[in-house]
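Next come the structures, one after another.
Shared between the two complexes below is subunit A, which pairs with subunit B and subunit C, respectively.
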Partner chain A sequence: MRIVATDCGSTTTKAILIEEKDGVFRQTFRGEAPTTVEEPFADVTLGVANSVTELQELSGYKLIADDGTIIRRKNASDPDGCDLYISTSSAGGGLQMMVAGVVREMTAESAKRAALGAGAIVMDTIASNDRRKPHEQIQRIRELRPDMVLVSGGTDGGDTKKVIEIAELIAPARPRPRFGGEYKLPLIFAGNKEARPTIQRVFSGEGFALSVVDNLRPTLERENLGPARERIHDVFLEHVMAHAPGYDKLMTWANAPIMPTPGAVGDILQTIAKGRGINVVGVDIGGATTDMFSVFGGVFNRTVSANLGMSYSISNVCAETGMDNVLRWVHLDMDERELRNRVKNKMIRPTTIPQTLEALVFEQAVSREALRLAYIQHKSFATTLKGVQQQRTVGDAFSQKEAGGSLVDNMALDLMVASGGVLSHAPRMEQTALMMIDAFEPEGFTELAKDSIFMMPHLGVLASVNPRAAMEVFEKDCLVVLGWCIAPRGEVRAGRPAFDFTLRRTNEVVAQGQLIGGEMRLVRFGHGEVGMLEVRPERGLDMGAGPGEPVTREVRGGTVGIVLDARGRPLKLPTSAVERRACVERWLKALEVYE
Partner chain B sequence: MVWTETANRWQILSIAFILSVIAQGSFGAIATTAENTTENKLSTSSNVSLNELSQEVTAPPAALTITGADVPWDAGGVIKVSWQPVAGTTSATKWIVEGSEVVEAGQGPWILVTEVPIAETSAVASKLNVDSAYFFRVTAVSPNGSSAVTMTKTAVRGHWNFFIGAKMPLFCAILFVCGCVIYFILAARRGQPMKVRRIAALEAIKDAVGRATEMGRSILFVPGIQDMDNIQTVAGLTVLGNVSRTAAEYDAAIEVPTSRSLVMEAAREAVQASYLAAGRADAYNADSIRYITDEQFGFVAYVSGRMVREKPAACFYMGCFFAESLILAETGNSIGAIQIAGTAESSQLPFFVAACDYTLIGEEFMAASAYLSGEPDQIGSLKGQDLSKAIAAILIIIGVVLATGAAIAPQSVLPAALQWLKGMLGS
Partner chain C sequence: MAKAYTPGLKVTARTTYRVRRLLPVTGEVRVKVGESVSAKTVVAQTFLEGDVFPIKVAGMLSVNPAELMPLMLKCVGDSVQVGDALARSKGIFGMMKTEAKSTATGTLESVSESTGMVIIRGAQTPVQVCAYVAGKIIEVIPNEGVVVETDALFVQGIFGVGGETWGPLMIAGKSHAEDLREEHIDASMKGAVVVGGARMTAGGIRRAREVGVSALICGGIDDADLRDVLGYDLGVAVTGSEKIGITLLVTEGFGDIAMAKRTFQLLLAHAGKMASVNGATQIRAGVMRPEIAVPLGEASSGEIFTGGATAGILDIGTPVRIIRDPHFGLLGSVNALPEQPAVLGSGSKARVLEVALESGQRVTVPRANVELVGD
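Here is the complex of A and B:
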């Protein structure tokens, strides 16, 4: 079987070729070409054809016909063409949505979750308690130019008054869509079913293409995001893509619906988490935004941190976290004024890459803060449902937990996948590993990996038509396993033992020793190697089995190896600048980050 | 046997009497001493024993002098009576102290103040009328009879004092608590961050009101069944202010049944003020806050019936509750409402904890006002009180350890340490 997959980004269209050889699916070739969605070409298929042509040249298979279309194989012995063509798209800024609900923390949040999970960027969330006056809300709706609107509100049989009030704010405001004057703005209603007749009446006028799906919150105890997400995908294809240049043709080529790129990344992570029964966090740090994905206990969440990125948004990262926080990761003596200039230069020349070690160290310090802030935002969004009745016993008298607690638990995290320029293209894999460890502070045993060539979007769509192929390529070609991070939860005492470890491969002891509080150590354990790591933490430190309890787990080797981190969690750096710099330098040396 | 002993005693007394007569010189002198004991003077120790032996035939000697003095640093009505006993040994067993109030026509009747062992030389007469004058007298009592009375020469008054000295430790404690409160208030005003731990029940107010909004149902708030003179009712109404403000912002309906008319009035004012603050004065409905009945179970019957019929999405029970707590909480649970309770009635807390989603326990309930408002003055006050409570808790632990240790090892220094601690705390 031969599969061609493309991802039409804003600037480049990436194509990959996946082939089944000896019963195993592998990604074999990769091609890239500029995206042609903008003028003067205004046809996305040209870019697709160019990128597939590169695949054709590299592989030797004829994949593009003379008329520029992708050739399909008639049978397995056919030497030319492919069996399957799939594509994702984030060209033109991807899918941009406005969502609305009655209570910001309940139905409006569910609407936001549905939109983000479908791969959209949420431009704004309108709610009856968003502390804005109706005229301010109307003004905001008029200013936005979304591709689509999702309205929720009320449980089934619950409130209709507020839902209709929200609808009556949106209808007369008549938000204008991004594409074309004749384009009817798609509006999906996923609220109280009893409000449907009134909603249909309110949006019956021209300018809206209303579709109704099942309620996102039929009861407050249950969130039903599936129908709304599917409808968003459909509307994305029917309305948004149909109005984008060349997408009507591209849709006829594809064997599976074209998906928004982040939605496809979410799908592959969910497939992996479900297939391996693990909890996963994925991050894609870009120039303007940072996407975070997580699957904990089978619940998928995605957030887009719109102002955290490494080029267009780098200035915002520095402003939000403060230069002191950025510089705490730097072991070199740097002039703050010069660094500020460097930040602004990066913002106005986003494609530049660091030319000196100092510039690289600084950029990676900024990335740590961008990732850290994005993760904090993600943790506050990926929560259990709010407004749910709790069941208590007398034993809960002093431990009454609030509803809406974060689902993200670093101790339960099994796999962390990184992608995005600063992480994927770091000169050394050790740098990628340390950036992830410093920003996310994983606890217990966590596998670190990076997406080799940002293949996850392709695999996300592939998972919908051939899950086995998607899984195999993900494991073998997509993920570059960096290694494992072993870090206890709890406060360590400097100079006192933190934990002992023994790494065995079959019966042979590969490495063993003791880590002192505040120390980091790297144990090289090559790609493909498998061993059993036993960690015995000191009293008060938790490796996942409880404070002081030893843990033994299987670990796989990677490009970096096993990073033993005895800095404690939450991670605390010395307050004195001199001590901190010395400390960071020690860690960098221990992990051979810049050597 | 009995007869022999009595005969011997009489023989000894007779000899003693004869010797005493020889020593004193005359029978008249002996008589004078017996009648005027306040003037009694003894020259030598041998004379004393002879004298006493002679007197013990009938009665013990009377006290030499007696004085009364106001006890300082007290609330008045307390006089300390002191007397000087006759030197030497005596067979008297106790002193009887009596007092007599000075009334217009002269002295009133003598009333027993106290009886003290013969070894004591003072007694405290308490519960006297403040600023009334009193005479006191003492009488020594032996198995053979009573001595002559010795009376104070002048009347004494038990004055009211501005400061009660026995309360000094308490005064110091109050100074410390007030100092802490003032310090933390000033610190909070300066902007010093004051961490108050998250109280799940108060954080859940928005969830509960939001649930009511999404479900299109009302919010029920019960401010207990006691009147405004109960501090828990006042604390409950403070929470009501916050709940109603959130309800106004979310445009959710709130219902407040009360079992006291005064509480109804206070609740109306609190809710109205909240609606005004939220900019939704038009949405305020006074009729939703109503008086039901003073009768405990009449009130409960109404509220339970209302809950079953109207099915509010959120129920708040904040105030003083008794037997009705479980009835209300179970009814609310059965209709699927989010329930948040708060009370300082420890006997009702288990019921609320088991049947409600969130419960404010005792002090949490009282701290709700500071927590919800976030005002520096209230937060600082809360912090100051917490520090004082922490010190009180430490003292209790020390006291328990010392008392236990003193019971186990009475010969050690622990009993003395315990007494010192008790004395320091004014108990």
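Here is the complex of A and C:
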């Protein structure tokens, strides 16, 4: 079997070829070409054909016909063409949505989760209690030019007045869609079913294409995002894609519905988490935004941190976190005024790359802050349902868990997958690993990996038509295992023992020793190696089994190996600049980051 | 590969410049094809729908929304002023009646029996679109706007703030490498498009704002000075709507950097002519760079420029500007385009090129770190 998959990004269209050889699916070739959605081309299929032509040249298979379409094989012995063609898209700025609900922390947040999970960028969330006056909300709605609107509010059978009020704000505001005047703005209603007749009346005027789906919050205790997400996908295809240049043609080429790129990434991560029974965090740091994905206890969440990125938004990262926070990760002398000008120069010329080591060190310092801020946003969004009444027993009184607490638990995290230029294209994998560790502060045992060539979107769609192929390629070609981070939760004492470790391969001891508080160490453990790692933390430090309790787990080797991190959690850097710089320098040296 | 494709900024002594002037919503076009216009000629106008003001009238009267309709004193379509009674409650035995008064002026658009909310639509706002450059109308897009054409000296900048403006072109300072300081600006520059050389200093910008300069054009600006002008740290380069009383445009970038000599000389040669400047910059999909256009008269046949990003072929001898440290801002020409990727000082592997600098020195830089200069 031969599969061609493309991802049409804002600037580049990436194609991969997947082939079944000896009963196993592998990714064999990749090609890319500039995306051709914008003028003067205004036809996405040209970029697709160009990227697939590159696959054709590399593979030797004829994949593109003379008329520029993708050739299909008639049977398995046919030397030309492919059996399956699939695609994702984020071209033209991706899917941009406005969402609305009654209570910001409840139905509006559920609506936002549904939109983000479907792969959208949420431009704004309107709610009765969003601290804006009604006319300010209307003004905002009028300024936005979304691709579609999702309205929720009220539990089924509950009060209808508030959700109708929200609808009555949106209708006269007449938000204009992104794609021109003739286009009716798709509006999905996923709120209290009792309000449907009135909602239909409110949006019956010209300008809206209303569709109604099941309430995404039928009761306070239950979220039902599936129907809203599916409808978003349908509307994306029927309305948004159909109005984007060339997509009508692309849709006829594809064997599966075209998905928004982040939605596809979310799907593959959910497939992996479910298949391996693990908790996963994925990150894709781009030039303008950072996408975070997590699956904890089977619950999927996605956030997009707009304006936290490494080129278009690099200046915003520095403004949001402050230059002091960026420079705390830097061990070299740098002039702040010059750095600030460099940041702005990167913002206005986003395609440049660091030429000197100093420039690389600085960009990687910025990336730590962008990732850290994006993760904070993600943790505060990926929560249990808010507004749920809890029945407490005497035992619960000691757990102190509240409704609306974050689902993201670094101790329970098993696998962290990185993608995006600054992480994927770092000259040394040790740099990628340390950026992830510094930004996310994983606890206990955490496997670190990166997406080799940003293949996750392609595999997300593939999972919908051929899950086995998607899983096999994900494990064998997509993921590059960097290694493991081993770090105790709790405050370490500088200069005092933090934990002992022993790494065994079958019965042979590969490495053992003791980590002192504040120390980092790297144990090289190569790709394909498997061993048992026993860690014995000091009193007060937790490796996952409770304070002071030893933990033994199987670990797989990777490009970097096993990073032993005795800096404690939460991670605290020395306040004195001299001491801090010395610390950072020691950590960089221990992990051979810039050698 | 002996050639490569790379972005660049357009700086040209003469081009046929076309600009589309469109209304945000449909309206009336006020000029005809063939008509000559000045920068400030209004070419199209329309009215934007008024603001919407929701008023919770049922709540104000403490009645059920379903009972509101008979209590309304104003009907849909009626004009209302602030303070006008919109509805009156029945009271108790005809006494103690409560009135709900309008908090907005406009037209009553709707009354909701579900929520008891009344919508008042404010007055329409007039919107006018001017020609922006002096030239000739070559196309009328019915109900939407026009296309203006002129032959112009055209310079794309790298970054700007502030919107469209125009005025006579005046040169401050003596050379492309001289910083623009306070003493370079005087009262005669009110309403002018003033060209400096290298960095626009904080003092220079302050004085230009005091005097009422329309636009300031320089090679560079310091990040800290931009922050002072805007009052905040700019996070993303999407600009043009700032209300700062002046349009600032830099041709090269941030920091101490001289304007490219050719750009300065081209502008110098046209001192005294009317120039149109737009500081709007958008560095996302659909790149928009700030621009200066100096109309030179009737359009002649030749190359036509309609805005947007430009790009071209990088070849041996092509003039380029290095746009990243450690050689940021230096100009030169392509001396070699090695085929194989090279390992950079950062440890990354990338495709590179060799640039012969104006000083005679030769440096190797990543291909991603240069841009084309010139036409």
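Simple rule for what comes next: the second predicted complex is superposed on the first by the 589 of 595 C-alpha atoms of A that agree within 3 Å, B and C clash if a C-alpha of one lies under 4 Å from a C-alpha of the other, contacts with A are read in each partner's own complex, and residues count from 1 in each chain.
Everything below uses one rule, namely that contacts are C-beta pairs under 8 Å (C-beta built on N, C-alpha and C of every residue); 3 or more make two chains touch, one makes a residue touch a chain.
The shown structure was predicted, so the numbers you read here are calculated from the model rather than taken from an experiment.
*Asks:* For A:Thr252, using the defined touch cut-off, is the partner it touches subunit B, subunit C, both, or neither? Pick first, second, both or neither.
*Replies:* Once the two structures are laid over each other on A, A:Thr252 reaches no partner at all.
*Asks:* Pick one for A:Ser77: touches subunit B only (first), subunit C only (second), both, or neither.
*Replies:* The answer is neither, since A:Ser77 touches no partner chain.
*Asks:* For A:Met106, using the defined touch cut-off, is the partner it touches subunit B, subunit C, both, or neither? Pick first, second, both or neither.
*Replies:* A:Met106: touches subunit B, not subunit C.
*Asks:* Tell me which partner A:Lys161 touches in the superposition: subunit B (first), subunit C (second), both or neither.
*Replies:* After superposition on chain A, A:Lys161 lies in contact with both partners, subunit B and subunit C.
*Asks:* For A:Ser128, decide between first (touching subunit B), second (touching subunit C), both and neither.
*Replies:* A:Ser128 contacts subunit B only, not subunit C.
*Asks:* Looking only at subunit A, is it subunit B or subunit C that touches more of its residues?
*Replies:* C
*Asks:* Just subunit B (first), just subunit C (second), both, or neither: which does A:Asn507 touch?
*Replies:* In the superposition, A:Asn507 touches no partner, neither subunit B nor subunit C.
*Asks:* First (subunit B), second (subunit C), both or neither: which does A:Arg217 touch?
*Replies:* Only subunit B; A:Arg217 stays clear of subunit C.
*Asks:* Report, in rising order, the residues of subunit A that make contact with subunit B in one complex and with subunit C in the other.
*Replies:* After superposing on chain A, subunit A residues 160-161 contact both subunit B and subunit C.
*Asks:* Contact residues on subunit A for subunit B in the complex?
*Replies:* Per the stated touch rule, the residues are 102-103, 105-107, 128-129, 131, 153-155, 158-162, 217, 220, 386-390, 392-394, 396-398, 400-404.
*Asks:* List the residues on subunit A that touch subunit C in their complex, please.
*Replies:* 10-11, 38-39, 92-93, 134-135, 138-139, 160-161, 164-165, 168-169, 172-174, 181, 198, 288, 307, 312-313, 315-316, 318-320, 337-338, 340-357, 359-360, 425, 427-428, 594
*Asks:* So in the complex, the part of subunit B that touches subunit A is made up of which residues?
*Replies:* 198, 200-201, 203-204, 206-208, 210-211, 213-217, 249-251, 336-338, 349-350, 353-359, 361
*Asks:* Going by the contact rule set out above, which residues of subunit C touch subunit A in the complex?
*Replies:* The contact residues of subunit C facing subunit A are 7, 25-26, 49, 51-54, 65, 109-110, 112, 114-115, 117, 119, 121, 158-159, 222-224, 226, 233-237, 253-255, 281, 283-286, 308, 323-326, 328, 344-350, 365-366, 368-369, 371.
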